[in-house]
Amino acid sequence: MATTDVVDKPPRTDASPPGGTRRRLDLRERPQLWLVPTVFVVVVLAWEYGTQLLEVDAYVLPRPSQIVEALQRQLGDPQFWSHLWVTSQEALLGFVIGVGAAVLLGTFISQIKVVEATLMPYIVAFQTVPKVALAPLFVLWFGFGLTSKVVMAAVISFFPMLVNVIEGLRAADADRIQMLTVFGASKTQIFRMVRLPSALPFIFAGLDIGIVFAILGAVVGEFIGAKEGLGYLLLQTNYNFDIAGMFAVLVVLSVMGLLAHFVIRLLQRRLAFWAEETKVIGA
Amino acid sequence: MATTDVVDKPPRTDASPPGGTRRRLDLRERPQLWLVPTVFVVVVLAWEYGTQLLEVDAYVLPRPSQIVEALQRQLGDPQFWSHLWVTSQEALLGFVIGVGAAVLLGTFISQIKVVEATLMPYIVAFQTVPKVALAPLFVLWFGFGLTSKVVMAAVISFFPMLVNVIEGLRAADADRIQMLTVFGASKTQIFRMVRLPSALPFIFAGLDIGIVFAILGAVVGEFIGAKEGLGYLLLQTNYNFDIAGMFAVLVVLSVMGLLAHFVIRLLQRRLAFWAEETKVIGA
Amino acid sequence: GGSGSDESSGAEGAPAELTFAIASAVIGPKEEVAMFAVAKELGYFAEEKLTVETINTDGSVAALQAVASGSADVTAADSGSILGAVEKNVPVKAIGGLVQNWPWVMAVKPDSTLTGGADLRGKKIGVISLASGSAPYARAYVAAAGLDPAKDVELLPVGVGAQAAAALNDGQVDVLALYTQAYAVIENSGTTLKYLDNPDAFDGIRSLSFAVGARDLDDKKDVHTRFLRAAYKAMLFSANNPEAAMRIGYQVFPQILAGKSADEQLANDVRSLQAWLKTATPASGEPKDFADWGAITEAEWTKTQAYTKEAGQITGDVALADVWEPGLLAGANDFDKAAVLDKAANYTK
Amino acid sequence: MSEDSWIEVVGLDKRYQPRRSAPTQALSDINLTVRRGEFVSVVGPSGCGKTTLLKILAGLSPKTDGAVRIAGREVTKPLPEVGMVFQAPTLLPWRTIFDNIMVPAEIQKLDRDKHRERAQQLLELVGLTGFERKYPHELSGGMQQRAGICRALVHDPAVLLMDEPFGALDAMTREYMNVELLRIWRESGQTVVLVTHSIPEAVFLSDRVVVLSPRPGRIAEIVPIELERPRELSVMSSDRAGVYVDRIRSHFNAAGVID
Amino acid sequence: MSEDSWIEVVGLDKRYQPRRSAPTQALSDINLTVRRGEFVSVVGPSGCGKTTLLKILAGLSPKTDGAVRIAGREVTKPLPEVGMVFQAPTLLPWRTIFDNIMVPAEIQKLDRDKHRERAQQLLELVGLTGFERKYPHELSGGMQQRAGICRALVHDPAVLLMDEPFGALDAMTREYMNVELLRIWRESGQTVVLVTHSIPEAVFLSDRVVVLSPRPGRIAEIVPIELERPRELSVMSSDRAGVYVDRIRSHFNAAGVID
């Protein structure tokens, strides 16, 4: 319980209850712990019986039971794990490169107004170019291997991060910067001591968007020219009319995205703790 | 010149100079006004003569002169304008729907912690599913007309906006919320008076990313099943080996993205003016 | 669904609306020109009281999905994909053939020393994508020469068109495995190619065939017959006057030009269309004699099925009756050939 | 509930329990009742829990133990009849000074024109006429604080909580504001709890002065100030006022020469 | 440059010209020289430009006209030998109090251990021992202000600019801090410019008191305080101190009973 919360239910004690009741309290205080699985079960059941009732064909929308079956089949296949590994690699590498480049360029750009005004139009213009259309060129330039997919993932996760980094570095409080300036801080020091911490909420938003798009980028890259990876598997299952198998791959991709999302949120709670603690709860 | 700037060059007067020297000063104070075109000319010339020197084939990377030629041809073709109109419509509609849905859902989600914890995993999971893979199904569900492309644009611009809206609404200063609370503000009033204005920098970052992705979404939607639109034109020019024509379309897409970006930045300067004015310049 | 098909069209000869799914995301000088545009512009559909629209789908699988789900009524899809769909219980059925000669072929640079499958050991083969018809073709091609496609060659996805040409020219691949009409487009751009002969094994494997929804096929036999008839009339016309067909194609699908002028493009596009027509008409004989449109023999189906199975697109055998409904062809071929030929000979505009 | 215990604090305890550091006992066993219409000041050393007490009264901070009632109602969330001046001005940077001051009226959907007029009067009173259309960052610290006072008064709240409202003001402005506050209080019949660091100010304004001990804040003494009302500044030169000031000051061990 | 004009302000003018509203003349024709090692206080009504003056001295705000020199150098950007206490504490929420105080030492890459020790001493001096590991939002307003004072002193700057450093402190703490500040100043030989609202505080601490007129701030009078040093609090009860206080107060039209 944060110390600055606004009371909107009978005030609770600030002291935690003795250890014994902890576990039970968790479920009451964090209802998502049972809500998420409940919603999941409800959705899956509705999907399963809804498609049966409405007689939706499996090639339009396969039923969860069919997807699970396909998933089991996939998971038992060592090839599948190598596809998974390839895509994870591409997405992660692309994410790190894209997001890293965005942080570097965003930092550079936002330090010097002229640079921002000069470069931003080109970046936006480049971003609006559909990467999928350029993909053949990508493949020409970066080859058929990992690189072109990594580039794809990097390019697509770059932009959301860049915009958020620039906006975030701008959001620093002028008084705090003045304070540091008086004490003789260099630009680098101001950046490290104020701008970066102030930008963290933006940066984490950018990371959250970035990782999702990095996975998408890797998959789309694989659509265009790959012989392995989950994107390739998607094409393959689709080509073979194995729509349930295709959905199984989609499920795996979703789980990848979810895991990455949770890692990022965890990191955020560690690194931007002060924001959590001065948060107003219940207001 | 903002009133809180840190002096790092000989202090300039706070009063504007008399009208006569305005125009000249503008160029000196906003060097981007000549830098952007200069960079543009340099890049274009380097491209033109670089490709000639390195004997790059036109079907790998056409020269700017060829692209301009193709562009002229396109602009003279009434069909082209109808393609442009279709894609603009799809992107804009998708943007409005996607961003609107993100603001609504983000608002709702961030108001109630349980809802956020319950829904977010599903949203992230859904977002990691490559929409391009689902596109055949999109088309089955939403038809081959405008709708499926609008849905594509909406879905893809939704997520960056959602993440930024949630993070932005969270970023509100606890003291300000307490202040409003004391005066009896309802959640809606707190939202309107503090949360929303505090979230504006995040929201504008989201809009900036969203519009770019909406255009991409519309184009990718057209790749999969369309008979008109710039995305279709890209496929067609590529199919016809008209790579210069394809680049001309890419240029048009870039210009679309740029225009949208500038409109959003303009809006931001109008709506979030206080952030501009309390900004530290030169630090 | 995007189909405006009239459900009450059971009555013979009643007016009907149909949606034709083009099994490709782009419109080009192929079936949509030779068959659809011509049939529409010359009134062959109108004669059958049909109003036909097109949609573009992203390949055969998507087109079959569209047909099965009712988004479209008819498509010309890869026969292997039709077999695959039927095996996965997707309710579609082939009702008539279209591309009858094996359209896939290997191409190398004109100065290449490669002459056949046996030379491909250790080479890189450019395919459209690993999940497209060109990959199984490439594998089958090298297998026919006694090589192990999994070990002896490497398949690289290069797409069609410019990037495929670039990959070959840059030496990223040694050989391309594309369909003839795609080569025509590449050659139109000034690249010259040398083609390797297909072994006889590929003779008789069917490519594009007309497919419709299987569930209401019985109710719609009449409509589909009329559609096929119009389509085959158009094919006969196009085979006899490709240039006229191409001009008609520009009228119906101005987007083919993508901003270029018709006169500038015509020669190239006619060449492409001819390349396609060659695969869709008998290998020998005079165009004016072409008859018996759409027939697929049981032997051809067997061969196609064997090939598809080897490609992994189907895993078992599909009963011929489940995939093939030849009963419409008699009606489909019941038209006045002379009138069509006359029109083709005297077409002006 | 009676008029005599309009605000009622019984056995109030407050312990802050931050996630990442040791707990702090801010208030301990506070008992206090305030009559309706009374003017009570709270003085005490920095960090003794004055702000904490006000925030609990305002329903902004949960208590650890004890009971807090205003007008007979348990305080578990902010009550509409309470107005507050914060220790930091907390103006909204995206609103002009005038619109900042109108916030309470806007929130409570009070008659617009009437309150616009009142806001204008209050601005004049605190010497901010001419700054209505400025934004907070264009004001000096003291000017922002004065705007915060106007905001707390604009909707004429029945209970007024003030956390060092005059801390950033110069002597003259402060005296003037004190006199004006007394006038407003007399005319409106508000119940006021004021936190201040100025002992003379507390004596001048209050019916009673609550002296808190250093952290954790306990009530050291409650000093009733029996100077007749209405008071003028000159009353502070009187011996009786001096006695009160000295008495309170004695709790602080201060010489009283600076403040 | 001489020791006698260590800080030199000549014909200083400052006009704020915000983008969206009317300009404000904050300072007008300020002329002031400060000796090396001198203690000068600035008093004046709220909004008269005191903070503005300090910010210009600190190199944080551009001047409109005139010249400002410190140690012979034109002030166009912050000088490393200047330390400052801000009107608002401006602590970094992501740093503990201790790490906040170490900011200047960290920035100037000064000897770590030595300054850690000094920080610890300063914290003790201002009564914040035990709060080193807390974060700013866990401190009361006055405690944050005291942390801000420690931060300005930690690197022992040659010139110390202080903007109402004791505004949020109670009488006792304030007096104590005044005495300590004088001690530190005497030992270190710093040049100090202090903005305050407390006239007695200004008299007690300063060699000279600069009285500014209401906005736009002009120098109304500069009062040299000729009380012998070292001073003790008791000096403030003397008649001579009283004369100074009254003289300065006369500029404010204030009764002097509250502050």
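Annotations for the structure displayed:
Letters are used for the chains, namely A, B, C, D and E, taken in the order the chains are written, and counting of residues starts over at 1 for each.
Here is the rule we go by: a contact is a pair of C-beta atoms (placed from the backbone, for glycine too) under 8 Å apart; a residue touches a chain by one contact, two chains touch by 3 or more.
Here the structure is a predicted model, which means the values were calculated and not measured.
Touching chain A and chain D together: B, E. In this structure, the chain pairs B-C and A-C differ in their number of contacting C-beta pairs, and the larger number is found at B-C.
Averaged C-alpha coordinates put the centre of chain C at 85 Å from the centre of chain D.
A straight line joining the Cα centres of chain A and chain E is 48 Å long.
Within chain E, the positions touching two or more other chains are listed as 16, 18, 20, 59-60, 77-78, 88, 135, 138. Residue positions 3-4, 6, 60, 136, 140, 178, 181, 223, 238, 273, 277-278 of chain B are each in touch with at least two other chains. Chain C has residues 61, 65, 69, 162, 166 in contact with two or more other chains. Taken together, the chain B residues at the contact with chain D in this complex read 3-4, 175-176, 178-186, 189, 193-194, 197, 272-274, 277-278. Note for the complex: chain B touches chain C at residues 57, 59-60, 70, 73-74, 76-77, 79-80, 135-136, 139-140, 143-145, 223-228, 232-233, 235-243, 245.
Considering their complex, residues 16, 18, 20-21, 24, 43-47, 49-52, 87-88, 127, 133-135, 138-143, 146, 164, 167-175, 178, 197-201, 204, 233-234, 236-237, 249, 252-259 of chain E touch chain D.
On chain C, the positions that touch chain B within their shared complex are 1-2, 25-28, 54-58, 61-62, 65-66, 69, 71, 160-162, 165-166, 169, 185-186, 188-189, 254-256, 258-260, 265. For chain C in complex with chain A, the touching residues are 61, 64-65, 68-69, 81, 84-85, 87-91, 129-132, 155-159, 162-163, 166-167, 170, 172, 312-313.
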